[in-house]
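Two complexes, one shared chain (subunit A), two partners (subunit B, subunit C).
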Partner chain A sequence: MENLRPNSANPKADLNYRRKKNAEEMRYQVVSFALMIFLTLIAFAVVHFEGFSHWFVAPFIMLLAVVQVIFQLYYFMHMSHKGHETPQLFLFSGLSVALITVLTFVTITWI
Partner chain B sequence: MASVQEKFTEMTWPSSPEKATLEAKNKFLGFWFFLGGETVLFGSLFATYLALKDKVPDSSHPLAKDLYSMDLTFAATMLLLTSSLTSVYAMYHMKNFNFQRMQAWLLITVLLGAAFLGLEIYEFNHYVHEGHKFTSSAFGSAFYSLVGFHGGHVAFGLLWILSLMVRNAKRGLDLYNAPKFYVASLYWHFIDVVWVFIFTVVYLMGMVG
Partner chain C sequence: MSTYAHKKGFGATIWDYLTTVDHKKIGILYLMAGGFFFLVGGLEALFIRVQLAVPNNDFVSAGLYNEILTMHGTTMIFLAAMPLIFAFMNAAVPLQIGARDVAFPFLNSLGFWLFFFGGVFLNCSWFLGGAPDAGWTSYASLTMEAHTHGVDFYILGLQISGIGTLIGGINFLVTIVNMRAPGMTYMRMPLFTWSSFVTSALILFAFPALTVGLFLLMFDRLFGANFFDVAAGGNTIIWEHLFWIFGHPEVYILILPAFGIFSEIFATFSRKRLFGYSSMVFATVLIGFLGFMVWAHHMFTVGMGPIANAIFAVATMAIAVPTGIKIFNWLFTMWGGNIKFTTPMLYAVAFIPSFVAGGVTGIMNAVAAADYQYHDSYFVVAHFHYVIVGGVVLALLAGTHYYWPKMFGTLLNETLGKITFWLFLIGFHLTFFIQHFLGLMGMPRRVFTYLPNQGWETGNLISSIGAFFMGIAVIILLINVVMTQVKNVRVGNDPWGDGRSLEWAIPSPPPFYNFKQLPLVRGLDPFWIEKMEGKTEMTPAEPLGDIHMPNPSFLPVTISFGLFVAAFGALYHVDGKDWALPVLFVGMGITLISMLLRSVKDDHGFHIHKEDFENEDKGGRA
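For the complex of A and B:
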């Protein structure tokens, strides 16, 4: 592993650099958490207000959910990092089957 | 390739311990494959719920808009969302080779998850008293299958994280257990991803009507 061989004469330099990078990433994580909470608050507020039409509320809160899940997947689950090409293939394959199933059940089933 | 048995210090700890060994790389890929399968599973449960929502035999049965409470759903959502952030903090300390702090944040994650599960049990018990049962209607079966399956995942995740914490309490961090902690945190985030759709599709859309 390249990170086991620090390329500086000062062995602490590599550690300090990595600490700083980790702390920086953690800041981004906290920012994405704040955004996720904000999106959740909007979704609950829109439903709580009751003044909007059903035809606006349903697609709007769905959109908020999708944006929030993108934050969750790409930041919290690190899918934005390098080396996540195969996880993306797995997840999006699963997602496409899931979406087709949902589409089928809400359109061509009747009970 | 780093060795699994090697004793590390914060100086020698790799920057991506979750992918530093062959076993870790395999675990990482295998787990994402599993998450792809879980997506299909929950997709079919969501599809069933959407098709059977409010399908009850007669008007004596409560419908979605009569049952769901915004306060309870909001509290559960905040608990689970926050627990997702606390497990990110745990992985942050894992990458910094700080075992004690990682354990502490994992414990907070478990406590938040347990509080979420407590709320869910209270909620289900309340619904059963309102006449909304697993066997009372197609709506009831679909609801408890979807939300119950998610709750089951939460319960399993709690047991998983707790077992990792207890089993490795004396060992400390190494390349044998770092990938295990990482994969458990991925699972926990996935549970949160599913909950985002549950609170939107089931609860909020149910309240809208």
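For the complex of A and C:
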């Protein structure tokens, strides 16, 4: 705990820096939020539009979902910040184990 | 708050252990509960060997034999080996990384009690209409046909104890990531901590597959679903996949901490730095990773086709590479070392050839084409007992001797320890070596008896004699434990004299706060480094300060007990018993109210004030 305290007695020492950082952070969040709503609208539109086959629509929506998950993790859950290396490692190794298992089922064992 | 241990009455001691959140006491609880189930599972093993000692034996009936066989496997894996692994993880890991406790002490206690009540529930089946009888793998094609409640006891009991294991695994992950002492980088962690870390990650990723499998089976058996009912469009093979997606990593969950314990022992008693430390870490992680890609080698004869069989065969053989790295590193650790053959070291040395034998038959089983011959024969039984007994059980016995002084403050008798070792080792090889040949001669596994004149009589008799050697060895170990605790000769910080890691720098058993000041870690084997510079203790990394400690709590017991009660309700509900549903609700009520209490009650723990330590140093009583 000791080393987490600011090393200056002046509480406003890095206030300007933090204010700038927060504004930047907020901008990213608003942009990604707008993008996520936009992606959701696209997903609805694709389903609604009758010209596309199911073989296009389903994977496309899944792709959009993956993009949304990435936005969620990196901008809303702050995984883009420093100090998240271990959660990332576990997230991605868990993901890779799960995906390889799924891949095995759909390619070689067929249940 | 006093920092001295007071003499307590019997009732107070019991209450202390029921409510403890101290990782050292939870380690002792795991050791006692796991040791008890180890004895139960061992007794079942002896019954199996008595039944098979001679052809056409009628010591037990066929149905009872199936129950004993199932419970032997289930008990040994889930209720003996896993908790004993957790016993040593609890006893050693926080000390090895220089932490004062695990990250979530309350959850640690909850994990133990969930395991305990799950195990008790499973064993209640013996007295309530018959134990599970579908094998420890509980394949759905068998369980769907089971007409007693045995399998339901298996499902619910393992589900409850599985939650406990998952909680324990996550707890150790968080502990090792966050609570290492200053200077304790990842690449300075002792190998037992490393293997506990990888094991915890495997628990995190593998146990959900078991949870899902048990959940589906529970719904099929108790609530009328059809996941595995072929007639209703289900598929029993799904269970096999789910079980082995969990089951194969489970094998590594058991063996990796065993490797860790042996790595500590080899380095300590060779009085050398562990050879190839970084390659050991790499091999541990690689084994953990590969463990997830080989599950279908348990299913070569299911009919997945040649492509799947070939890929899984190759993936399985790949695991021999990191395991080989480890074997050679242990050999090179001993090479040129100043070896002391203590009891733990004897176990470690005997482990190498025993485990290599198990590994070699593993590669034989991995050859998919040949596996069609070995499958479901005693060859497979011999193989997995060579890796589990020759690897895990030897490690657990070695760990018991090695960590006993750190856990209890006394040193187990070395002479009796060596007698145990020799009896156990001889018994183990007598029992299982001959089973390779019984398997190759065609004896199928899981048969309750066999006919004479097939050439199996001598082999089975030898095997049964060996089992009794192991039984006697365990009894001598128990005598050793009782004698040692009655004599109660206390030992110092470093009873083996050659301790390398942090746990040997503090008293045996350590005070409840472990480290008065967190130690400064200056390299791999930190205590050894300090000793080589002529110091007798670690350099502190912080000034003496207040220590924050968690309060004891009884809630883990009630949370787990509630699930235990609820499981009976769920189990008998399917019979249409009137009292079943109320019991289910009462049990869930106990659990949920306990959880609510935990949530609404502010429990900030307490502080040990530094003034108490200062008084203590001056000789005053705090």
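Assume the second predicted complex is superposed on the first by the 86 of 111 C-alpha atoms of A that agree within 3 Å, B and C clash if a C-alpha of one lies under 4 Å from a C-alpha of the other, contacts with A are read in each partner's own complex, and residues count from 1 in each chain.
Just so it is clear, contacts are C-beta pairs under 8 Å (C-beta built on N, C-alpha and C of every residue); 3 or more make two chains touch, one makes a residue touch a chain.
Values in this document were obtained by computation on a predicted structure and should not be read as measured data.
When the two structures are aligned on the shared chain, A:F76 is found in touch with subunit B, with no touch to subunit C.
In the superposed model, A:T40 makes contact with subunit B only, not with subunit C. Contact with subunit B, but none with subunit C, is seen for A:I61 once the two complexes are overlaid on the shared chain. After overlaying the two complexes on the shared chain, residue contacts for A:R18 are found with subunit B alone; subunit C is out of touch. Look at A:V106: by the touch rule set out above, it reaches subunit B but stays clear of subunit C.
By the document's definition of touching, both partners, subunit B and subunit C, reach A:V97. Applying the stated contact rule after C-alpha superposition, one finds that A:T86 touches each of subunit B and subunit C. Touch counts on subunit A: comparing subunit C and subunit B, the chain ahead is B.
Contact with neither subunit B nor subunit C is seen for A:R27 once the two complexes are overlaid on the shared chain. Looking at subunit A, you'll find residues 86, 90, 93-94, 97, 101, 104-105, 109, 111 touch subunit B in one structure and subunit C in the other. The touching residues of subunit B, when paired with subunit A in their complex, are 1-2, 10-12, 14-16, 19-20, 28-29, 32-33, 35-40, 42-44, 46-48, 50-52, 55, 70, 74, 77-78, 81, 84-85, 88-89, 92, 95-96, 138, 186, 189-190, 192-193, 196-197, 199-201, 204-205, 207-209. Those residues of subunit A that touch subunit C in the shared complex are 86, 90, 93-94, 97, 100-101, 104-105, 108-111. Residues 173, 177, 201, 204-205, 235, 237-238, 241, 245, 289, 292-293, 296, 304-305, 307-308, 311 of subunit C are the ones touching subunit A in the complex. Only residues 1, 3-4, 11-12, 15, 18-19, 22, 25-26, 29-30, 33, 36-37, 40, 43-44, 47-48, 54, 57-58, 61-62, 64-65, 68-69, 72-73, 76-77, 83, 86-87, 90-91, 93-95, 97-99, 101-102, 104-106, 109, 111 of subunit A touch subunit B when the two sit together in their complex.
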